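Next up: some structures, all given as C-alpha cells.
Okay, so subunit A shows up in both of these, paired with subunit B first and subunit C after.
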Partner chain A sequence: MSAAIVRMSSVSKQFGSQRVLAGLDWQIAPGQVVGLLGRNGAGKSTLLECMLGLREADGGSVSLFGEDVAALSDAARGRIGYVPQRTDLFDWLTPVQMFDYFRALYPRWNQAKVDGLLARWGFGPTLLGKPIKRMSGGEQQRLAIIRALAHEPELLILDEPVSALDPVGRREFLRELVDQVIERGTTVVFSTHILSDLERVAFDLAFLKDGRIALQGQTDALLEGARRIVVPATTLPGTPLAGELRRRQEGAMTSVIVQLPGDDAMRLAREPGVRVEPLTLEDLFIEVTQ
Partner chain B sequence: MNAALRDFRMIWRVAAAQREARGVRMLIMLLGAAGTCAAIYLVSGAAMGTLDALRAARLLVGFVTLALALVWTFLFVPGSVRMNSPVNAWVLPRQRRRLLQMTVAYWLLATAGMSFGIGRWIAVPTVALSVLGLALLCAGNKYVVNLLVLGGNWPWLSAVVLPPAWRDAAVGGPAAIVLSVLVVPVAVWALRWLYPARGDAYFARRADQIRRVNHFDQCGADKQPAPDGMAWQGSLAFYLTALRRDVRRSDPAAMLMHALGPVAHWTSWIGGLVTLLFIGAVVRFILMWSHAASLQPLVGWMTTIGPAMLALTIAFSTAQYGQQMRRTQGEQALLRLTPRAGDAALLNRRLAGRVLRQALGCWAVLTVVVLGVSLLLDAGPDALLRQLGLCTLAGQVAMMGLLGDYASGTGGWHLMLGLRAGALAAMQALVAVGLGWLTGTTAWPWLVLLPLTVCCVLLRLDWRRMLAAPPAFPAGRLA
Partner chain C sequence: MPTHTANLFSIATGSSQPIYRQLVEQVRRLSASGQLRPGDEMPSVREIAQALALNPMTVSKAYSLLEMDGVLARRRGLGMVVAESAPAQPADRAGLLRPTLERAAVEARQLELDPETVLSLFATILKETK
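And then the complex of A and B:
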C-alpha cells in the first residue's frame, strides 16, 4: 500500500459535554473510494471537517498529502475538492459569477469541464443568469458538485452530496463520479445515507460509531462475509465468536452478527435449529451502527 | 381556569419559547433599565412634590403598557406568526381563533393604556394604528415600515410640504377624525394579515414573510439573509462591478471580503451616502423656498440633531462585519480550502488589513458626508467642530468591534463590548469636558483628539490579538 493520502491518528473532538470523535484512527490510501456511514448525529460531518482542517480537533493529529492539516500548503489545498452538506454557495451571485470567483482562486481550473457539466445537467442560459438563492435545493447541490470538480481535485470529500437530488440527478452524478473522477484515480470520501448509491460507487466502506471507525473494509468483502446467525440461546457459547460484531437476544433465540465467520461460527452453523442469513448493506448498517 | 384561558396560556408559552434566549435577556435588560428610570422619576417627583397623583398614574400606566407592547411585539408576534403557518391555519382553526382573540384583547388594552399615559384623546387613533403597525412590522409586512416612517415624521413633514393654511388640519382634530374612521377597517385588515385563514396568497407570501420575521427576530442568524427590492438591486450592481474588478485582479485580500457577502462590502455604503447627500440637498432647496422663514426653528433643530443622528450611523458602521462572519460560515469554509486563501497567519493578516482599511475608509467618508450635509444646512464653524467631535467619537466606538478572534466567536459586537464601548465613550466625554475647562476652550476640540488617540492604541492591540488568533474562517467554530 502506498503512503496514505489522509492520515488521522487518535483524533478526538468534543462539543461541550458531547464527545463526537473519540480517539479515531483512520487512513485512506491514494485512489481509494470510501463510503462513510453512520447514523444521524454520529459525527460524519465533524469528522470530514476535522479531516479538512475546517475544525480543530481537540486531540490527535490529521495529515493530508503528508502535511499537517493545520499548516497545509497552497499546493495541497489546490488538490482538495469539497462538497459540504449545506450548499453555501455565495447565493447572492449567479452561477456564472460564482464560477468566475472561484476560477480566480484556483491556479488550475477546467472551464471546459464546468461548461460540459453545466450543459449536461440542464443549466441553460436562463438558469445561469439567475441568482443561486432563487434556485431549488437540487440545482444548488448540482452547482456545489460542479464547483468541487472544476479544479480536478486529487482528494474529493463529499458530505451527503446527493441528499437534495432526484433519482435522475443522482444517477447523473454517480455516472460523472465513476467516469470522470474515480477512473482518473481520484481519492473519494463519500458520506451518504442512500446506501444503493454507495453500493454502486464505493469500493470501501467505513462505519462511524461512538466516535470511532467501528468497521472498515471492501464493500464486496464486507457484504459477502457478513452473516446473521440465529441460534437457540442454549446452544451459543458464552465467549464471542471469531469476527463477532454484535449479539442480541430475541426471545428464545439469539441473533449474532459476524464478519468473516471463523471455524467456530461454521461449526455452529451446522448445529440443528441454527439459521444463517446473508446481510444486505442496509442490514449491515443497522447492525453495526445501532 | 377555563378552556379559553388554558389555550391562551399554552399559545403564549409556545410562541414566546421560539425567541432566542439572548433576545429575551436583552429585552428584559432594556425593560429593567427603562423601569428603573421611570421608578426614579416617580419617586423623586413624589418626594419633591412636583408630581400629582394623576400624572403619576398616567406615567405608571403608560410605562406598564409600553412594556407590554414591547414584550408582545418582540416576544409573542414572531412566534405566533410562525405558529399560524398556512397548514396550521387550515388544520388548526381553533389556534387561529385564539390568536385573533388574544391580539384583539392586547390591542385594545395597549391602546387604552398608552393613550391614558399620553393624556390626550387626540392621540388615541394614532396610538391604535401604531400598535398595529409595530405588530405588522415584526410579522414581516414589508410595506408598513414606510407608513410608520411617514407617520413618525408627519408633524414636521406636513409643516414642510403643505401650505401653511393646511398644517393645523393635518396634525390637529380633522386629521384625528379621519384616522378614527380608519381605525376599525385597518384593524380588521391587519388582523387578517397577521393571522390569515388559508389560501394560495398566504402560501405565496409565506417564505418571504418568514425571512423578514427571522431578520427582525435575529433568528436563523447563521444563514445569510437574502435582501431584495430596488435599493438592494442598486447596491448589488455596485457590488458586482467591484467583484468583476477583484476577480480580474485576483487580489486574495479583496477576494476574502466577498466571502462575507455584499452586505459587508464597502459598496453597500454607496447608496446610503448618496441618499444622505440628496436629503441634504433637498433640505437646502426647501430653505430657499417661499415660506422657509416659518420653518427656521425646524431647520435649526435639524442642523443640531440631524448630524448627531448621522454620527450614530458611524458608530454602527462596523456591526455588519460580525453578523456576516456568523452568517457566511459555509462560504468561508469553501474559501479557506482554496490555494490563494493563504495559511492561517496570512489569512488573518489579509482579513484584518482589509476590514480595517474598509472600516477606516467608511468612517472618513461618512464624516465628510456628515460635515458636507451640515455645510449645506449653513452650519457655522462651531457646529462643524461639534459634529466632527461626534463623528470622531462615534468612529472610535465603531472600531472597537472590528478586529478580534473571530474563530472563537469573540470578534465583532456583543453585549459586554457594547457596555465597555459606552463606558469608554462616556469617560472620554468627561475627560474632554475637563480638559476644555482647564485650557479655557470647549470640549469639542478635545473630543476630536482624544478618540483618535484611544482608537490608535486599541486598534494596535486588537490587530495583534487578531494576528495571534486561529484562522478567522470559518468564524465561530471554536465558540
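And then the complex of A and C:
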C-alpha cells in the first residue's frame, strides 16, 4: 500500500470536561473511499475538523500528504476539498459572485465542471442571481458541494453532505460522486447517517466510538464477517469469543456480536438452542456504536 | 449478440448480503436460467456503477469473481461477455437457490415451525407462482 494521505496519531481533543477524541489513530490510503460512522455527538465533525487543521488538537499529530497539518503548504491546501456540515460563509453573495471569488483562489479551478454541475442541479439564471442566504438548505448544500469539487481535489472531506437533500438530490449527488470523483481516484472521507448511501459508495467503513476508531474495514468484509450468536446464558463461556465485539444479556439468552467468528464460535453454533444470524449494516451500526 | 444494460441488476441496500454478492448471484441466476446466453455482452463496470450509484470497485469485484468462476469472460475490445460453457445442470441451478432457502430456514427456526409445515407452505407457494 502506498503512503497514507491522511495520518492521525494519538489525536486527542477535549471541550471543557468532555473528552471528544481520546488518542485516536487513523490512516487513509490514496484512493480509499471511507464512510465515517458514529452516533450523534460522537465527535465526527470534530474529528474531520482536526483532520483538516481547522481545529487544533490538544495532543497527537495529524499529517496530510505527508505535511504537518499545522504548517500545510498552499500547494497541499489546493489539493483538498471540504464540505462542512453547515455552510453560512459568503451567504450574502450570489452563486455567481461566490464562484468568481473562489476561482481566483485556486489555480486548478475547473469552470466547465462548475457550469455543468450548476446546469444539472437546476441552478437557472434566476437562482444564480439570488443571494445564497435566501436559498433553501438543499440549494445551499448543493452549492457547497460544487464549490468543493470545482478545483478537482485529491482529498475530499464531506461532513454530512446530503443531510438537506431529498432522495432524488441524494441519488444525483451519489452519481456525481461515482462518476466525477471516485472514477478519478480521489480519496474521499464521507460522514453520514444515511447508511444506504454508504453501502453504495463507501468501499471502506470506520466507526467512531469513545473518541477512537472502534472498528474499520472493507464494507463487504464487515457485513460478511459479522454474526449475532444468540446462546442460552448457561452455555456461553465467560471468556470472550474470538472477534467478539459486544455481548448483552437478554433474559435467559445472551446475544454476542462477533466479527469474523473463529473456531470457538463455530463450535458454539452447533450446540442445541444456539442461533446464528447475519447482520445488516444498520444492526452493525447499532451494535458497534451503542 | 445482444448487449445488456445495467437494467439487468437490481440491488437492495439494508440487506445482510453485501452488494457485490447480490450482483454475483443475479448474474449466476440469469445465466443459469438462460436469460443471459454465452457470448452476450455485459454492461461495463462504469455503466453499472453510474446507473445504480455504486462504487465502481464493488462492481469490479463482482465481475472478477464471476470471471474466476467461469461465468463471465473478458474479451478484448468488448469488455465482459457471458462465458461459452455448458449450460448449468439442474443440480447446479438448485444450488443457486440455497442461500435464499438458508435464510428462510433461519426464520422458520425462529418461528419454531416444524419441517412439514414449512415444506407444505413452500409447495403451495411454488404452485401459486407458477
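FYI, the second predicted complex is superposed on the first by the 289 of 290 C-alpha atoms of A that agree within 3 Å, B and C clash if a C-alpha of one lies under 4 Å from a C-alpha of the other, contacts with A are read in each partner's own complex, and residues count from 1 in each chain.
In the analysis below, contacts are C-beta pairs under 8 Å (C-beta built on N, C-alpha and C of every residue); 3 or more make two chains touch, one makes a residue touch a chain.
All values derive from a computational prediction rather than experimental measurement.
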Overlay on subunit A: subunit C relative to subunit B, clash or fit: fit
Partner chain(s) touched by A:29 [first = subunit B, second = subunit C, both, neither]: neither
Touched subunit A residues, subunit B compared with subunit C: B
Subunit B versus subunit C as contact partner of A:164, first or second or both or neither: neither
Touching partner for A:80 - first (subunit B), second (subunit C), both, neither: first
Touching partner for A:282 - first (subunit B), second (subunit C), both, neither: second
Subunit B versus subunit C as contact partner of A:56, first or second or both or neither: first
Subunit B versus subunit C as contact partner of A:253, first or second or both or neither: neither
First, second, both or neither for A:220, with subunit B first and subunit C second: second
Minimum Cα separation, subunit C to subunit B, after superposition on A (Å): 27
Subunit C-touching residues of subunit A, taken from the complex the two chains share: 33, 171, 174-175, 178-179, 182-183, 195-196, 199-203, 219-220, 223-224, 275, 277-283
Subunit A-facing residues of subunit B, complex: 224, 226, 236, 240, 243-244, 246-248, 250, 252, 255, 258-259, 261-262, 328-331, 333-344, 470, 474, 477-478
List of subunit C residues in touch with subunit A within their complex: 13-21, 46, 49-50, 52-58, 61, 106, 109-110
Subunit B contact footprint on subunit A (complex, rising order): 49, 52-56, 70-75, 77-78, 80, 82, 84, 86-93, 97, 100-107, 133, 147
